[in-house]
Structure formats: C-alpha cells, structure tokens
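Next come two complexes built around subunit A: one with subunit B, the other with subunit C.
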Partner chain A sequence: MSKTVKDAIETIPTDEINSISLSLVRSEILTKVIEYCKKHNSAQMSDVDLMDWDVEFANVHYTTLFDLVLSANYMNINCLLDLVCGKIADMIKGKTPGEIAKLFDIKDVSTYEEDN
Partner chain B sequence: MGANFSSCVYDDGDSGSMRPRLGDIPESCVALVLMYLDPPDICKLAGLNRAFRHASFADFVWESKLPLNYKFIVEKAFEDDIGSSVAELGKRDIYARLCKHNLFDNGTKEIWLDKRTGGVCMAISSKALRITGIDDRRYWNHISTEESRFHTVAYLHQIWWLQVEGDIDFQFPQGTYSVFFRLHLGRSSKKLGRRVCKTEHIHGWDIKPAKFQLTTSDGQRAVSHTHLDSPGHWILYHVGNFVSKNSNDLMNIKFSLTQIDCTHTKGGLCVDSVLICNSSDVRKEV
Partner chain C sequence: MENLPVEVIGNILSHLESARDVVIASSTCKKWREAWRCHLHTLSFNSCDWPIYHELSSNSLEILITQTIFQTKALRCLTISMDDVHEFSAASVIAWLMYTRDTLRRLHFYVRTPPMFNIIEKCGRQKLEVLALGRNFITRVEPSYQKFPCLKSLSLSFVSISELDLCLLLSACPRLETLSMVSPVIASSDLQTSMEISSSSLKEFSVESFGLDKFVLEADLLEHLHLKDCTFEVFELIGKGTLKVLKVDDVSVIHLDIGENADNLEFVDISNFTIMWPKFYHMISKASKLRRLRLWGVVFEDDDEVVDLETISVCFPQLSHLSLSYDLRDGVLNYGLQGLSLLVNVAVLELGWTSINDLFATWVAGLLERCPNLTKLIIYGFVSEVKIHEECQILAKFTEFIIELGRKYMHVKIEFEYE
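== the complex of A and B ==
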C-alpha cells in the first residue's frame, strides 16, 4: 500500500534487504499506519463497515492527524492521505482564519482575507 | 521491517513536545485539504500561512471545482469580450472570471457560475425572446429599468394573443436545471427616490391561467399552468426542469409563455428575462 516501501523493495536487491529506513516516521504513528494498511488489505470488512472504521480511525487529536498526513505523504499511501486530509478539511470547513488559529493553536496568522 | 525513529517535527520548546504544527504540512498536502473545501472557503484560507496561500492557487484544486466542460463555457462567456485573453489565466482566475456575470451574444444573455457550487446559471433577456406583436407599439414596448440585469424589459399594454418564446443552444454541465420566467404585473418607476408601481393596465390574468412550456432537443418536456399574480413584485414563474446527461452534449432548450385565449385581452405585464439555473442552486437565485 505504501509506494515508498514498494519502490524501496523494488530497487534494493533482495538479499541486501533487512530493513527499510523510515526515518521520518514516529513509532506510534507508524503503528497506526500499519493498523490502517492491515485493515484495508484484509478482505474481511464490507465497504460500509470499512468507511465506519475509517471515520473512527481519523477521529483523533489534530497533532496525530498532522503526523498521519506527514507519514502518509512520505510513505506515499494515497488512500490514507485522502482520509486524513478530508478529516482536516471537515475540521476547518466554514471557520474563519482566526477560529482555525485557535483550533490548531497557531500564534501568528495573517488576518487578511482574499476576495474571490 | 525495521525502522529508525527520529523526529522531523517542530520543537516548540515550551512543553518539549515534538508534534507537528499546521505550518509543517507541505503545500501539496494543503492542496489536498483544500480540494475538500468550497471555493469561498479556499479563498478565505489563503491568508492562513504561506503553504495555504500557494496551495490556494494550485491549478489542480480549481480544475476540480470548474465544470467539466469549462472550456466551452469560457468560449461562450467571453465571446463578446474581444480584448480578453483567458488562455493565460490560471484555473483559479478562470473560476473567478466565470463567477462574474458575463454578458454574451451581443449583450442579450448572461452567464455565471454559482460561487460556492460551480453550478451554471444563465439569464436570457427579453431582447433575445421572440414576442408576438413586439413591433406594434399598441401592444408592446421596451422600457428601461434598473430592475432588470439587462436594464430593459418588454412591457405589454394589452393584447389578445400573448406569445413569448425563446431558445438556447448550450452544453449544460451534467445535472438538473430549472427554468423560470421573470415577470412583473404593473409598471414600476422611481418618483422622488421611492418605488412607484402603475397598475392601471393590469387585467385579464385572473380569467384563465398562463401556460409555461419547456422542451429539449432530446425529447424532454414540461408544462405548467399558472395564474399570474402579485402585482408590484418580480416573480420567478417556474416553467419546469430538464436534465443534462452529458456535459459534452449540445442541447437546444425551448421555452415559452402563452395565453392565447381570445375571449379576453390581458395587459400590464413586464417580461424581464428567462432564468436557467442548476436546480440545487435555485433557492439562492429565487
């Protein structure tokens, strides 16, 4: 599921492969990523149940969501990246920049708003 | 598999926490977040930080908001605008331009996208409609008014045979569209800054209903019979709905308003325009 891991496996000769360096992923986050991949690769759940599971999986603190974005981006797992980006979008939908700054504890935010 | 665990994240120093902040999200991921938001939100958030600002200009974000056949719409919307060079614009700017009310077909029609949904809306002026007897000043004349987006309406004094028709060839993006006639009983004007409505010509509308009809080149039809009412107010009379199955199909939509019962005359009617908009955007336009 991870294109980064897949590419690593394909480029490194098999007898040299003992470990794949994922130096940019924290252990707790990697655990969650593995949990996601295992769930999505098993054929056991129906599409509807999997969607419900995804909702629960993404129902985490925003710092974990940001960690997951960075990890999914680094590991090139598009479906996980879509899921967490969608969750972040849900959290910020309809909010002003000031409200988002408060939500994500941002100290400095530009206050100008763009016209479309 | 083995993995080395070192942190790539921001250290805010206060709590010793090494968790990422919003500013650590790269522009490409921010753009993915923005794709889930509607255009007004995307523009609002452009000021949040540099990544949001750059991501808010990403072509692929706006391409997902534009109608599938936006190139056709751009050609139509800017056909009157000779000096316009849309080809060089980024997709965000194209979206912004299309959200403005663009006159085309020699100023007799107007097209725009709904800012939030990207749905196509169109208005067709009375000047683009075929009105029986329009050249006879005993029956009809064109009057200037600020109450029309085209600044002119067709005013009916009195007639036996009321027939107002029009049609449009267009590639409507896939979806369901509602068609309306924008009509007003009475003739309004401004006197000393106040709106005044002359009602002396209004007659004949309560005897028999008017017939509104719509047909499409692919065989769809809708008919409604409604009494014209509410003197002094602009009313959008719903003709019916049609479905566009494919954004690339050129459809011809015909619409008409008739009251041809010759046992009585009718009059005192302003015909402004015909409005076509995506049915999900109707509440706002009405």
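== the complex of A and C ==
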C-alpha cells in the first residue's frame, strides 16, 4: 500500500534487507498507519463498513491528522492521504481565514496586501 | 501546521473542491496562498455550492470563473456546473480549456453553450481521462485529428449529437471503458428510429431517459449494462460473453436480447418492468455464476407466470443474495414454493410488498424454509398514509407472525424498511 516501502523493497537487493528506514515517521503514528493498511488490506469488511471505519479512524485531534498526512505523504499511501486531507478540508469548510488560523494555530498570518 | 509541505496544503485545499471555499481558505496565510496558486489540483464551480451563483448573470460568472482559474497553475480536475438559466460564451469556455489543457485530466462541464460551439474541438485531448458534458452540442467529430488517447470515461447528459458523430467519437477513444448517456438528443435530418454503436474497449454502458425503435450495442468487453427509464422496441447487445451486471429499471422493451452473453452474469437487477417469464428466464438461464438476483416491482405479462424457487435454486446454485417484490397471488404460493431443493448459498434475502396481504407472510415463511444458511432478512414495506382498519389488522398480524418466525430462525438478523 505504501509506494515508498514498495519502491524500497524493489530497489534494495533482497539479501541485504534488514530494515527500511522511515526516519520521518514517529512510532505512534506509524502504529496508526499500519493499523490503517492492515484494515484496508484484509478485505474482510464490506465497502460500507470500511467507510464507517475510516470515518472513526480519522476522528482524531488535528495534530494527529497533520502527522498522519505527513506520514502518508512520505510513505506515499494515496488512499490514506486522501482520507486525512478530506477530513482536514471538512474542518476548514465554511470558516473564515481568521477562524482557520486560530483553529490550526497558524502564526504566520499575513495580509493580502503584504504579498502584492 | 508549519511542518506541512506546501504541496500537501494544496492537496488539502483541493479536497474542499468548491472554488469559493478554496479562495476563502487560501487567504489564511502566505503559504496557503502559494499552495492555492501552485499546487491546487481540483476546482469546482457548482451552482449547488453557493446561492449567489444563481443571482449572477452569465457574463459576471464567466469573469469570476476566468479570474479564479487563471490564478491556478496545475489544475487536474475542473467542474463547472450551473443551472439551466445560464449560458456561457464560446470565448470564455475556450479560454478556460486552453489554459488548463496541459494538465487537465478530468473535466465536468454542465452548462449551456451556444449551438454552434463544438466543445469537443477545444478540449485538451491528450491527457483527458474523464469527460462529462451536459447541455452542450457536439456538432462534428473528426477522428483523424481529434483523438482522446487517454479517455476512460465519457458521460453525455442532454447533449445533442448525431449517430454518426457518436460512432466517430467512440472510435476516437481507444481506451474508453465507461459510457453513460442521459437523455441524449440524437440530431439527424430524418426521424431517427434506430441506432447502432460499437466500442472494442467499453466495459460499462448506461443509458437513461431515451427511446428508439431499435438500439444495437456492440461491445466485446462489456461487463455492466444499465438501462433506465427507456423505451425500446428492440435492444440488442452483441458481445463475447463478458457481461457481469445487468440492470434494467423502469424500461419498456419488447425484445431485449443479450445474445449468448449470460454465462458470466453475476448480478441481475430488474425493477419496474413487465416480464415475460419464460423468455426472460431463457435469457438468463445459463448464468450459473449468478450471485445476486433482484426482481423488484415487476409485473408478469401472463397472470399465470410465477418465479418458482425450484428453477432458481437449480439454475443459480451460487446465488447469495435474492431480492423479490411483486404482486402475490394464490398461484404464486402454490406453484412458486413447490419443490424441495434449497437455496444453500443465499445469505441475504430481501422481500417487499406494495400492498400487504396475508399471502405475504406465508410467502416469507416459505422462503425462509428454503434458505438454510440465511444470515439476514430485510422486509421492505409500503405503508399508505390513510390506513383503513383492515390494513392495520393485517399489519398487526404480520408483525406477530414475524416475531414468531424470528424465534424460529434465531440466527437470522431481521430488518425492516417501511416507506
């Protein structure tokens, strides 16, 4: 499911593989990513149940969401990336820029005129 | 948030889709502005998203859309969908299509355009994978230089096109897998009574709200065929036996011919249709791999015809999901339930009534007996607004009966859906 891992497996000769370096991913987040991949690979749940499971999975604090996005981006797992980006987009929808900045604790808020 | 790369922000903004939401969110900070300008891949102008779209004139909308699109760089997916009131000028549409031509993969365009504007000519053809048009005109197709080498999905809603141009268009799409037509307007000089189209790559075909005397589809790889709200005298599929899913909903067709294509059928869904059972059965009888059969709101042409479970269990041994809803008469119970063979693989049973009577309960019981490995039973009922006393009594009796059945078949999960 992870293109990064798949590419690593394909490029490193098999007798040299001991570990694949995923230095940018914290262990708690990696656990969640593995949980996601296992669930989606198991094919035990129906599509509808899997969608419900995804909604629950993505129902976490935004800092965890950001970590998941970074990991999914780094590990190149497109379906997880879509799920988490979609969830963050839902949080943004309908809010003013000020509200978004406050929600995500964005410090570098500059006005439109400053850039143009 | 500071750690997120700008491309990822672009991805997040793309999930917002609606142009208004994206523009508002992008003004949050400098990084987000850069994300929206350089890394946004999906943008949508849909009259459902923002009520103000209705109030703007077509001209103002064109300016708004132009200004917005021209601030982006790498759009891959563009949706423009306005209501019937608006019509966009050729110049604006051409500008948008030319601007996005190098990167656009998916285009959904549901807005009226002038009759002489041939939108196909202006689409960036090289990369386009999904093209959905609505309320436009395709006035001429030149397959020699208008090819869509990557197009996988084509959808035409209320689009005016001649039969010849449709055939030419299909031949210009060598990788087309899905074709969907809703209320096509077949432009022709004479009264068009028949049509024949073919595609060697097509896997899914659906047509809705259409009527002709004769429609012939030649598609050797076809797996899904959906007909909805159509009127044909003859509908013929010429293929190589790859059909997996057949869905017919609210269709009037005298002669439905899927040829020798039934062998791989997995799902047959027929609703709101008048069936001549022997003929229909003959059509699907070779579908030994059938997993799902749904006959919903069907009427049998001959009063004596019934769906008999014996035939179903013998011909479709792999059936796992059976859905039946039609008028029950005494004959149905006696003849339909006779026989001893069991539907061993049926795990889900859906049974429906439109007007409840005592026969229904007996029918449910009879079916439950024949499905030893059932895990789920769903009862679909229609409850009329004005309930006369007799109906209430029947419903009450039915409820008691189901409770008894539930006790007898404890392993079956019973659900109800009433409307």
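Structure notes:
Just so we're on the same page, the second predicted complex is superposed on the first by the 109 of 116 C-alpha atoms of A that agree within 3 Å, B and C clash if a C-alpha of one lies under 4 Å from a C-alpha of the other, contacts with A are read in each partner's own complex, and residues count from 1 in each chain.
By our rule, a contact is a pair of C-beta atoms (placed from the backbone, for glycine too) under 8 Å apart; a residue touches a chain by one contact, two chains touch by 3 or more.
Model, not experiment: these values are computed from the prediction.
With subunit A as the common reference for superposition, the partners subunit B and subunit C occupy clashing space. When the shared chain is aligned, no partner comes close enough to touch A:Asn76: not subunit B, not subunit C. In the superposition on chain A, A:Leu30 contacts subunit B only, with no contact to subunit C. With both structures placed on the common chain, the touch criterion links A:Phe104 to subunit B and to subunit C.
Once the two structures are overlaid, the count of subunit A residues touched is higher for B than for its counterpart among subunit B and subunit C. On subunit A, the surface touched by subunit B in one complex and the surface touched by subunit C in the other have residues 66, 69-70, 73, 81-82, 85-86, 88-89, 92-94, 96-97, 100-101, 104-106, 109-110, 112, 114-115 in common. Of all the residues in subunit A, the ones that touch subunit C in their complex are 66, 69-70, 73, 81-82, 85-86, 88-89, 92-97, 100-101, 104-110, 112, 114-115. Touching subunit A in their complex are the following residues of subunit C: 1-5, 7-8, 11-16, 21, 24-25, 27-31, 33. Against subunit B, the residues of subunit A that register as touching in their complex are 5, 18-27, 30, 63, 66-67, 69-70, 73, 81-82, 85-86, 88-90, 92-94, 96-97, 100-101, 104-106, 109-116.
Interface residues of subunit B facing subunit A in the complex, by the touch rule stated above, are 1-9, 17, 19-26, 28-29, 32-37, 39-49, 56, 95-96, 99, 115.
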